[in-house]
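My questions all concern the structure below.
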Amino acid sequence: MARPIGVGVVGCGYWGPNLVRNFAQQGNAEVLGVCDARLERATKVGRDNHVAVATDSIEELIALAGLDLVVIATPSATHFELAKRAITAGKHVLVMKPITTRSDHAEELVDLADRQGVVLAVDHTFVYTGAVRKMRELVENGSLGDVYYIDSVRINLGLFQSDVNVVWDLAPHDVSIIDYVMGGQEAESVATIGGCHAGSRHENIAYVTIRYGPDVLAHIHVNWLAPAKVRRTIIGGSKSMVIYDDMEASEKLKIYDKGVSISPASSAADVYSQMVQYRSGDMRAPRIDSREALATEAEHLLECIRTGAQPNADGRAGLRVVRILEAAQASIDAGSNFVTVRDTRDVPAWRLESRRPTSIA
Amino acid sequence: MARPIGVGVVGCGYWGPNLVRNFAQQGNAEVLGVCDARLERATKVGRDNHVAVATDSIEELIALAGLDLVVIATPSATHFELAKRAITAGKHVLVMKPITTRSDHAEELVDLADRQGVVLAVDHTFVYTGAVRKMRELVENGSLGDVYYIDSVRINLGLFQSDVNVVWDLAPHDVSIIDYVMGGQEAESVATIGGCHAGSRHENIAYVTIRYGPDVLAHIHVNWLAPAKVRRTIIGGSKSMVIYDDMEASEKLKIYDKGVSISPASSAADVYSQMVQYRSGDMRAPRIDSREALATEAEHLLECIRTGAQPNADGRAGLRVVRILEAAQASIDAGSNFVTVRDTRDVPAWRLESRRPTSIA
Amino acid sequence: MARPIGVGVVGCGYWGPNLVRNFAQQGNAEVLGVCDARLERATKVGRDNHVAVATDSIEELIALAGLDLVVIATPSATHFELAKRAITAGKHVLVMKPITTRSDHAEELVDLADRQGVVLAVDHTFVYTGAVRKMRELVENGSLGDVYYIDSVRINLGLFQSDVNVVWDLAPHDVSIIDYVMGGQEAESVATIGGCHAGSRHENIAYVTIRYGPDVLAHIHVNWLAPAKVRRTIIGGSKSMVIYDDMEASEKLKIYDKGVSISPASSAADVYSQMVQYRSGDMRAPRIDSREALATEAEHLLECIRTGAQPNADGRAGLRVVRILEAAQASIDAGSNFVTVRDTRDVPAWRLESRRPTSIA
Amino acid sequence: MARPIGVGVVGCGYWGPNLVRNFAQQGNAEVLGVCDARLERATKVGRDNHVAVATDSIEELIALAGLDLVVIATPSATHFELAKRAITAGKHVLVMKPITTRSDHAEELVDLADRQGVVLAVDHTFVYTGAVRKMRELVENGSLGDVYYIDSVRINLGLFQSDVNVVWDLAPHDVSIIDYVMGGQEAESVATIGGCHAGSRHENIAYVTIRYGPDVLAHIHVNWLAPAKVRRTIIGGSKSMVIYDDMEASEKLKIYDKGVSISPASSAADVYSQMVQYRSGDMRAPRIDSREALATEAEHLLECIRTGAQPNADGRAGLRVVRILEAAQASIDAGSNFVTVRDTRDVPAWRLESRRPTSIA
């Protein structure tokens, strides 16, 4: 492809400018236009990044000559409509997380992108960090052995969101990390326990448990009301174990050659202690690619567009994550019992209403 | 009381010798005898601590002239029978945690001790640490405001127990800390999610959630299969928050002057961001009494025996903890749904069988 | 002053763009021009920040209409000539650290600025961080009592500089922090021990000790060859002590209510242990202003220019720091003995040569 | 040797009981007697450890039938006289650190032990920890490459000693670690900077630098007046680097595959950046033997006595450490200049006086 890939970014709030900057820095791409319902934000971001067109009209953006990729960085409730419009126009699309707020919408986008033959990607940023890619690699190449559990904590004194709870705000990070590490395996069921405090109607603390088959347990603690910032994922495997601590300045990922195995007793007379074997060896912190995740993601996506390959975080990954979030929400609404992930497709209509786009760019 | 309080210790395994040592070091107590089903262990512990009598007979121990207090440090399944025997003989009793393995047994001991007019205490050791006492104080005097949640993590590459799961092994620590911090308030319901790995039939990882009324959530993560040792309790309150990290060499307790409050909007036109108030002030690590918890506990118990006061961790505290553990187990058995704490009294008979004493000292 | 203060920035390498950005963001200042010997760097930085003039001529920059302040962000060897030219032209000047590479040059600049009636400031960035300002405050208001020692460690696997050693590269940070905390008190003497490794002719590890009077010891460990990044300053005082750990994400500053005092024995018969008193109380991490230091510095400097006040890091602070660095270098050259700070004015001529400007912007 | 090695311990203060306990637990040794100038201390330690003889007479102890090894755990000023007496009587000897307070005394003991054919060992405890043995191994097998520097920090709010400064109290640990890691190489020169605070006549903070040849720099920071406990040794090598942090609960030793090398420029035209090569690879925390150092030491010493092998920390190691401490003291007395290690043999007579034994057991 001789000419650079033409990029348009919708949404110039918190995250949009980072996307503009990262795509602008790619050698083989050009940001042709930026769009925001608040024109002055689009104008500022456009000017700061030397982008030719700043507009408040999504139609104008999509119609730009040479535009190949639409990046959607608006509030989640607007993702579906905007992505649908861009895909329908034959554009490749990158959507911020979560890809949509309903799984049926995500399914529709995936189908549509398939039919249109365009790339649909979701900004599961962490999937493009060196640490998470290394964890996936360790699972894939068998270094961890069988995965027993994944325990993920993401807590902080965080900004309360006015329109979503902590599950929809923070857990997409953890769920997308877990989904990626598990190689895209479908989750079976989800249970979520939440609490509302400090006068809020939305959960500000939640514990989400995801079952992948009978043996693999993933557990997420998300919390906007914690006094200290913790971002830590532990994976326990049969051969070794991993701690990924994103708050560490270096050595974010530590691999422990530790484990326990219990052999079935060959006879009732076996002494118990003979059957348990502990292993406690070295710890290793591999060198991790410390490049900004967003730069890796932009480069990877442009490569996929050129070659037709599937991105690491494609529409299907986005869909799997939304299904889990939806099941998590359904579990909260159903007294915290486990909810089968597949059962969650037909969500009540009022939920759609409550998440209706409030400002389409 | 002119003469020293006479103490007898049953069980000379892992924890027993610490108890013997600590009571022996109290000025106003004397360890008169030690007892273990394996006589050679009793003999060694007795000799090391200059105790006059070492025996394998519980009757002989209880019958010692001048004996006031029986300390029971045997496997939990034997607690009920041994404690009952000692209380019936009019002795004060200190039992290791959990006080019993069934709540009806704990109730029976509490009633019996009341009738006999003796002190019944349980070794909830952490309740006697400087850090946990300080947390109780902060809740009691209102420094934390309303308690929103308590999050407790106790994970390690731990010794697999042959006969109990990780909930019965590790969670008693967390549950007794939570019970003490909550001032003995009765829990409402418990849900537990567990996983069995590495070939074991017992849960080696579990997430226990305890509801105290609609607003207070306590959550415990216990795990024998973690690569690093974490022992950390966070309390989130409306006025301030606390992190208790038992792995810190110093500054185990940190109090954060942090919080969020959301005022109800006075009108629909209120911008959301005007209603949320964040507070992020100093952090303070108060000086903590670093005395060995067991020494504090022994001194406190002897004082209670002399004065007739209730120990901080009395039989009723032991009972409340067992009720929660029982509900946690019932929840595991019932698909992890929330189980009402009061509903758990009539546990199936087989569970009693499986926990029958295997070696009464 | 009705019109904004006109700013020109010389040097568009590593640090220059940050200065341009920070001054551009001040409401009452305007960056009128940027200058670099490599015109393309000036052009890029100018374009990115919407600066009207980009030039490779220092004369052109200084001659810009409305220019009040010249910010010098070039290699240290060029500071003297450039600052002299700007001050002579009646401009206020901010110079990066170290202010010059010779103390006689720094003296000349200070004198010249006094005569011209302009503000001369040096970019001792750390002096404008919340943590260092808090340390100064604690010393000033007597909270620490008498300062006993300051111990500062700044080590890393750092970029080897081709033309200076680790003392001139890293220690200016520590020396300027120490100078500020000590309230600008003149140091008495300096001893430095250094080592050259990995094939370099310049010291890559050095220990610098500064004596302030007989009782106050400041010690700096700078190192380009350390496996981990440490940036930590400890201040020991008679009343309390401080640890400032810049690698902490939060709670960078911890104040310990700890101390020891020894009373003179009133008689030979006094038991030693009666004379020593230890105090070990709370630790407190005060809330620290987390604003970017450079923003605080820019605002403060503009305020000083408007009001005629002396900046916290003025030319005299720059001079004191260079005198200490010069003494540190002289000590290395003299077998690591203590060198009186005042003795170091007449440095050998070859040192000037070796530090002669190689590229004046 | 069929019969167990007979051990006598002199000095029942702080450290003595640990020695008694550790030798008592060795299968092939028997503690025959304990001795202390304060008979009641000897009696208590003897009773607690089932030792037959407790005495306040060193002659009586040495004369015990079957006694092979005398362990000296008295104040350092008494080591020489006591060790001399025991060696003269043909006994093997283990002396606490520092072996003596004068290097000529240490030399005399080494010579005497050689003539008598007995083992003379010194309790450089850290040399028997898993972490320090691993560091020695990494240097010996070339994993670290050339050693560039060793930086050791041992600070705390420590107990002020009435009769020695912080160099003689704490630095023996660091010096013995460094000596062991350096494979017993003789140090060349030592410079020490100290400060006296809080009313003490003795240094409570000191920086000791030891030169091993022109290229290897060892630096020690010891401090009784620090608000937090730090015990950390860094070794920088040409191939890799090590951090040994004794305050870590696990992973005390971390090995970093990091380094820098600078190639000599082949021509003046070489761009500098082409000559520097950075390497930043994995970090590894090897599994460390976590056995109590004293147990390892006791076992090792008994083995040496049986086989005639030299202990890892023998009299010569003790002598090398005392020579360095003596040079460190001489440097303090001489304005902190570097003092050649060999020059320190004839120390002034008053120093001997001031360190005269105050209580010979």
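The first chain written gets the first letter, and so on, giving A, B, C and D; residue counts start at 1 in each chain.
Throughout what follows, contacts are C-beta pairs under 8 Å (C-beta built on N, C-alpha and C of every residue); 3 or more make two chains touch, one makes a residue touch a chain.
Computed from a predicted structure; not experimentally measured.
Participant: What chains do chain A and chain B have as common neighbours?
Facilitator: The shared contacts of chain A and chain B, listed by label, come to C, D.
Participant: Check A-C against B-C and say which one is joined by more contacting C-beta pairs.
Facilitator: B-C
Participant: How far is the middle of chain B from the middle of chain C, if each middle is the mean of its Cα atoms, in Å?
Facilitator: Chain centroid spacing, chain B to chain C, equals 54 Å.
Participant: Taking each chain's centre as its mean C-alpha position, how far apart are chain C and chain D in Å?
Facilitator: So the centre of chain C lies 39 Å away from the centre of chain D.
Participant: Taking each chain's centre as the mean position of its Cα atoms, how many Å separate chain A from chain C?
Facilitator: Chain centroid spacing, chain A to chain C, equals 43 Å.
Participant: Which positions in chain A are in touch with at least two other chains?
Facilitator: Each of 228, 280, 283 in chain A touches at least two other chains.
Participant: Give the list of chain D residues in touch with chain A in this complex.
Facilitator: 251, 257, 280-287
Participant: Mind listing the chain D positions that touch chain B in their complex?
Facilitator: Within the complex, chain D contacts chain B at residues 47-48, 50, 228-229, 247, 249-250.
Participant: Mind pulling up the chain A residues that touch chain B in the complex?
Facilitator: 148-149, 151, 157, 160, 162, 191, 193, 195, 197-200, 204-205, 207, 209, 215, 217, 219, 221, 223-228, 234, 236, 238, 241-243, 254, 256, 258-264, 272, 276, 278, 280, 283, 335-338
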